[in-house]
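Here the chain labels run A, B, C, D and E in written order, and each chain numbers its own residues starting at 1.
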Amino acid sequence: MTGLLLKDIRKSYGAVDVIHGINLDIKEGEFVVFVGPSGCGKSTLLRMIAGLEEITGGDMYIDGERVNDVPPSKRGIAMVFQSYALYPHMTVYDNMAFGMRIAKESKEEIDRRVRAAAEILQLTKYLDRLPKALSGGQRQRVAIGRAICRNPKVFLFDEPLSNLDAALRVATRIEIAKLHERMADTTMIYVTHDQVEAMTLADRIVVLSLGHIEQVGAPLELYERPANLFVARFIGSPAMNVIPATITATGSRTAVTLTGGKSVSLDIATGASENGKTASFGVRPEDLQVTEGEDFLFEGTIAIVEALGEVTLLYIEGLVENEPIIAKLPGILKVGRGDKVRFTADKAKLHLFDAKGHSYRP
Amino acid sequence: QDLKFQPGEDSKFNWASFEEFKKGHDLKGQTLTIFGPWRGEDEVLFKSVYAYFSEATGVEVKYSSSENYEQQIVIDTQAGSPPDVAILPQPGLIADLASKGHLTPLGDETKQWLLDNYSAGQSWVDLATYNGKDGTPALYGFPYKIDVKSLVWYVPENFEDAGYEVPKTMEELKALTEKIAADGEKPWCIGLGSGGATGWPATDWVEDLMLRTQPPEVYDKWVTNEIPFTDQAVVGALEEFGWFARNDQFVDGGAAAVASTDFRDSPKGLFASPPKCYLHHQASFIPSFFPEGTVVGEDADFFYMPPYESKKELGNPVLGAGTLAMITRDTPAARAFIEFLKTPIAHEVWMAQTSFLTPYKSVNVDVYGNPPLKKQGEILLSATTFRFDGSDLMPGKIGAGAFWTGMVDFVGGKSAADVAADVQKAWDAIK
Amino acid sequence: MQLIAAIATMIAGVLACAAYFWATNFILDLIFPSKGLSGPAASRNLRITNTIRPWLFLAPALFALTIYLIYPVIQSVWLSLHDRAGQNFVGLRNYVWMVNDGEFRQSIFNNFLWLLVVPALSTFFGLIIAALTDRIWWGNIAKTLIFMPMAISFVGAAVIWKFIYDYRAAGSEQIGLLNALVVAFGGEPQAWITLPFWNNFFLMVILIWIQTGFAMVILSAALRGIPEETLEAAVIDGANGWQIFFKIMVPQIWGTIAVVWTTITILVLKVFDIVLAMTNGQWQSQVLANLMFDWMFRGGGDFGRGASIAVIIMVLVIPIMIWNIRNAAKETGGH
Amino acid sequence: MTSSKRSPLTWVVHLSVLFLVLLWTMPTAGLLISSLRDKDQLAVSGWWTALATSSRNDVARAPSPESQVERDGKFVIAGNLLQGQGGEISAFGFSSREPAKFQAGETAELNDGESLTVQADGSYEIVSDTRMEGSRGQRIFFTAATPPRFTLENYGEVLSAAGIGRSFINSLTVAVPSTVIPILIAAFAAYALAWMRFPGRAILIAVVVGLLVVPLQMSLIPLLRLYNDVGAFLGVSAKTYMGIWLAHTGFGLPLAIYLLRNYMAGLPREIMESARVDGASDFDIFVKIILPLSFPALASFAIFQFLWTWNDLLVAIVFLGTGNDQLVLTGRLVNLLGSRGGNWEILTASAFITIVVPLIVFFALQRYLVRGLLAGSVKGG
Amino acid sequence: MTGLLLKDIRKSYGAVDVIHGINLDIKEGEFVVFVGPSGCGKSTLLRMIAGLEEITGGDMYIDGERVNDVPPSKRGIAMVFQSYALYPHMTVYDNMAFGMRIAKESKEEIDRRVRAAAEILQLTKYLDRLPKALSGGQRQRVAIGRAICRNPKVFLFDEPLSNLDAALRVATRIEIAKLHERMADTTMIYVTHDQVEAMTLADRIVVLSLGHIEQVGAPLELYERPANLFVARFIGSPAMNVIPATITATGSRTAVTLTGGKSVSLDIATGASENGKTASFGVRPEDLQVTEGEDFLFEGTIAIVEALGEVTLLYIEGLVENEPIIAKLPGILKVGRGDKVRFTADKAKLHLFDAKGHSYRP
């Protein structure tokens, strides 16, 4: 039972309120990922869970015990710091072994665990180096290794992979997933900016914005049924295309007219009172398909083509003010700047939000 | 400048000498820098004296002093920026300055003046005569302001209460010591503590006892090491001192306390209730360390450290100390200042206040500011022998070093012979 | 009036100093401009300025050091080969004398005692206090109180310790705190500073008492420079206060500890005020610096012997210098 | 670290600091209390006894017989032994041999037919049937329990000394530039030694360390001689403020350079690099990056240097002179002691008067010894 | 003319050789991205270009002038440090203004440029804060802002976006692209771990490995025609699937037999001498398609399904030892663990590498 319970947690630095009352229940063994725009308070929240930051208001429970005043070392946590926080005077080996030495593990056990972690993180060559002789990514790996070496009840990761290259990132991500699997009752809390990490690792994702929770849910839930415009746009990259619209018909299906005049009907039920209201119509770039037919959602001129190899991004300007509509199409496309294209999308994958940004989808 | 006593007003003063001096010297506009050992109250007193010099000559006097005046004068002379006149209490230091050529001889005229006007004049001339840089002896210092050291302090009323009498001879003093001890009291307060200078009060004891057990010639040879420190004469004096200081029954706090008790604190035992001791050997300056409000002559008094009945031939020797003025930069004002010191008024002005004794025969002893001072003055004037503090005459390493250390060791239990040998060894090392 | 003059001179003095640095830099850039120029000319000028500039920065310091310290050192060496008045050359006679002098050997022995004890304890206490006071709300007050001895002049310190070590005969009232305590616990009072050998330690206590403030201030500044995250990481690693202190904080400020240690060690080599004021080297408590002072100034002074002792003091510092060269070299490797 | 506040060991920390503080302040407390005590008591009782009601044996002298009054046919001299200082008398006597022969309230028969009565509150009466004679008053020994008593007289005496204000200003005039100038010079040198590359750097550092050891006393004579020569050459006095500033600068430099260099070498390299990329010259980097970031070290050194120059007497006397116009505060206070030294009441009080300014400086600069000056600048180890 | 020329550039830290002779010619106004595994020497190379690290060997020319001994400030560069290197005692504003103040720009100009940069980076609110009161992402933005504010000839970016959230990352990336467009003759060198950044921003990508260059080329070139196995696997995420194979037929088309027995023919010409040699067959996860037909490349059992919303990753184990074959399929798939699936791929998108890892594709 190493669940976490956050009850109306608040934090302010002097007059600056950073966390505005977070309620969250994290079950034992759960893998929770915090995402949110830079500066929304993810690190702060994590540091409060770790006990490094005083809790200005609210209560935090770990294992059913109120821990507001429990020192970090008594909370049974391990943490990877966003700024690494390596011990500059210790070698990589000692950095990783420190926690275990403190815990008076046997020499062999320490050595075994350090070497195992180093192996996973490809640090074996660097075990004798001091942090200052490491590259950014290597430092970050040492920080991860340090956390892995301990056997905590709760793991806290603050952007642990941000400085790693793609291959290593995938490898490390998988290691973390495995770690989680092996230690089924270890709770993990993970801050990341990487969608893939969030989607693949999380049991649940917590979307934060400006110090409060926007939505909590399983990864696909957030992707498929974002509770509001913020989440819709935050999850997925490039962000969901949003087009202002007016509701023209309500009922078990809803019809809207997009700016530009095109009318679309969605598989979403709305009340009659919504009729005539302005709304936001959303469709993800990857849900768009090019069509030649007449049943298109919108039509536009390609402003930019970005070929990434695996996919191609098309930027269509002029439809929504100041913001291009982006389409993400698989493969390498043979279209050019200035081409006029029509887009359509699977009806089930269309989104509609009310004027306040709340999703109409139940 | 304010003059303490208006010229011509009090007829006890020798105003004529002042007027005469004034006539002979006009040095308006000049300045005179004097470096001396006096600070605090003493500085005020000295100012009151040189105010007359300024008044008479128009010279602006700049007096300064310093906590580390010994060091200061060495630095200043060595670096080439000495004062015009330096006044120092250490003949050894002056000898050194003279030998390095930093001093100007005062000339035969002054020498003659001293012989003529100071009681025990030859003693003073000898004291102030040193070898110059070229090795020829000359008079370099002018003795001015003397302290008498052969004094024993006591509280008359305590004597009355206990029925003790002031002893007239050393034998009586010893008997009194034993009597007091027999009464279950402690006769003496002795403290040698003085921070870095710890030990010096004991040297005064030894010198006083030397003068009372040996002829002055032996004393003179002793301070120049013509007879070694290990000579029986010296060892004997040490042992005499040991008789007083190394007997737990004779000293307040026992022998062990002697070395570590500060000399400034030790006389306070005389005034305790009940008294911690009845006798204290110390120079004439000591009343400044008596409890506040103590009136000398009333609450406390002194007697002359008596000579041995058995050595009547030695007369009444007096041990003293004093300061000598010397010219460190030869200017008319400096010369004039030495001349000024020859006038009775330069002595009388200070005499009329406190803590000043002079061997100048032609001053009016009635001027002395208080009866005790006068009494000390009389002791000085009636001295058959006057000898300057021996440790001050010895080379600094000895008189302000090995001798002190030796005395500390001595009261700590080392034998007199060993101590004497130690000091002699140190002396040999600097030859 | 003097106040205004004083302030004016003060400002002028300080400004002149600042102006020097600004002006020399300006002039250097004027003579060898690199802005605007391009190509080899610029990079040649740059190379020149880069070789000159360190010396510009160092010049005033080197100047002052030369005049105020190096020149006297040379003088000392010269004097140490001369007689008491510094007039006649005597070769190494002063050194020969010194080696044969019992007091000198005593001083060397005592100095080593001091060197072993004082820097270690001062640094240790300074470190402990700096670390502990950082954790409590009244830390600044505590620091100020512990710093106070540094601010007291030596004369004052001597009086203070007189009131600690003072000895009165057994049976009478002790006015020295130490003896009062000893007596209160049923012991025999002792004349502490007259106990040969042990008195060294009683004198050392005074210097430790004073120098701890120094160590504390410097180490406190260093401790506060430690990246806080590393401490947080250690907290999370489960380290307790002691472990954080000894395994995380101390190693990170090791360089500063070494500096403090060195400084106090050197200060110990120079210590004399305390000894002078308390014992003047009597009761076998003589130390080199006091011995030197003694020979330099007492009774007119023997400059030859004084200087030769000074030279020995300076020679003693050579191992520390070598050690520092090593350190500096190591550091450069890291840069 | 906020977390440590809650640590259960906190009270241990509090207690240990308290213990150390007590240990360290004990001697100073003794000094402070002594400075507030009556000077005669200093030498006879421990300072800590001044804090509690103590039993003391004392002697007082009644006024001389001139002040007797005739009352009811008897001649009476009355007065109070405690002179309004409070306390209670338990015993008294009139002979040094039996100072506590009588209990308070009893009447003692003096030898010459007079009788003495002392009450517990200190009031006494000497009664005689005949007119009393003599010039001296009667000594009365007594044992009294006296409450703590303190006086500011010692401070009054020190502070009222002539020229003290002038000396205060002199001291400041000496100390402030003597603190600022070496810091400025040393900071530049330290920067060069820490962050600039040039041949001979390690040697220079070692030389600086070596110079730390040069005994001040060795330098005085050669320097003063130099000053005299320069002064004579320029036709000015050899003893000027300029001279003493430079002297203090010279003597303080090795430590300043050594401390500052050590600190500067520990600053994160990336910050300097970043500034260099931003186009900053060494001078800019020094002024705009190093100096602000070195504040803790600068402040620490400033504290010490100020302290030394403020408490210094030797250098001031040698290079500034002892005249009234130049005398610094320490010199002035030492002069108060008189030529034989040892007026402890003056010493103790003046020690506390001189301590005030350095402590203010310490307090003022202490807040620059701040934590986390470098926080947020770089990430990594 | 602010091109860069690197001639056999080397770097060692004591005995450790970090850069082993880099030759590179970067033209004026070019946007070059360095990618490579963590610790391969990207930062070191960048720092050498900046003049912060001494060049152990070789020559570096900027603008045709040898700059080995030219100090950083004279090289006309701006740099974003991987570790931020903010001035801790200056506010965000002052951090950004510092370089311009040194260059003695006018107050108004400074203000204008700082505010413009802050606007772009969404830092306007924080201009008065000290770095220590910023979140990791905010600090990173300040570091970027600082570089943007100056007008250098060469921009050096060391992983400038690693701590930013996806939205901000896209936005900032676009800003950097725009910046590059606006300042057509400013050369930019950019280190990143993000494939998307590399692909979208770069004119040319330099792939580094262990201190030497693996391949230099335009983004799509690297993606489509990796010169060797290293580049093939490094570019693209998840990495290209590699299956050991034996060449069974050569000529204008080549046939290989994969481990498992399946034979595949590729549109690649090989010499007869290659026949019978072992080779590595490669196919990108995103190039794989599920097929029901018989013309499949391989068949396998799904070990893990990772649904990212936009795409689904299928992990097939057992085909290659110790390494799953990954397929990246668009959309959310209705397959489960244990399902057997067959994969095929466009013939043009198959890769073949020789035993040394060199590509057979010309």
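Definition applied: a contact is a pair of C-beta atoms (placed from the backbone, for glycine too) under 8 Å apart; a residue touches a chain by one contact, two chains touch by 3 or more.
In UniProt terms, the chains line up like this: A, E = Alpha-glucoside transport system ATP-binding protein; C, D = Alpha-glucoside transport system permease protein.
Keep in mind it's a predicted model, so treat the numbers as computed, not measured.
Touching chain B and chain D together: C.
Ranked by C-beta contact pairs, the top interface belongs to chains C-D. Relative to the whole-protein C-alpha centroid, the nearest chain centroid is that of C.
Annotation: 40 Å between the Cα-based centres of chain B and chain C. Centre-to-centre, using mean CA coordinates, chain A is 56 Å away from chain C. Here the spacing of chain D and chain E, counted between their Cα centres, is 67 Å. Residue positions of chain E touching 2 or more other chains, listed in rising order: 71, 83, 133-134, 136. Shared contact sites, meaning residues of chain B that touch two or more other chains, fall at 68, 71, 75, 78, 195, 262.
Of all residues in chain D, those that touch two or more other chains are 1, 3-4, 7, 43-44, 217, 221, 223, 281, 313, 334, 372-375, 379-380. Partner chain D is touched in their complex by these residues of chain B: 35, 37-43, 62, 64-68, 71-72, 75-76, 78-81, 155, 157-158, 161-162, 195, 262, 264-265, 268, 271-275, 285, 288-289, 291-292, 298-299. The touching residues of chain C, when paired with chain D in their complex, are 2-3, 6, 9-10, 13-14, 17-18, 21-22, 25, 29, 51, 53-55, 57-58, 60-62, 64-65, 67-73, 75-76, 125, 128-129, 132-136, 139-140, 142-156, 159-161, 163-164, 173-177, 180, 209, 212, 214, 217-218, 220-222, 224-225, 227-228, 231-232, 235, 240-241, 255-256, 259, 262-263, 266, 269-270, 289, 292-293, 296-297, 306-307, 310, 313-314, 316-318, 320-322, 324-325, 328-329, 331-332, 335.
Across the complex, chain D meets chain C through its residues 1, 3-5, 7, 9-10, 13-14, 16-17, 20-21, 24-28, 30-31, 34, 42-48, 166, 169-170, 172-173, 176-177, 180-182, 184-186, 188-189, 191-193, 196-198, 201-219, 221-223, 226, 241-242, 245-247, 249-251, 253-255, 257-259, 262-263, 265-266, 269, 281-283, 286, 296-297, 299-300, 303-304, 307, 311, 313, 330, 334, 344, 347-348, 350-352, 354-355, 358-359, 362-363, 366, 369-375. By the touch rule above, chain D contacts chain E in their complex via residues 268, 270-271, 273-281, 284, 288-289, 292-293, 372-380. By the touch criterion stated above, chain E contacts chain A in their complex at residues 13, 35-39, 41-44, 82-83, 133-138, 140-141, 158-159, 162-170, 193-196, 199-200, 219-220, 223-224, 233-239, 284, 286, 306-311, 313, 328, 330-332.
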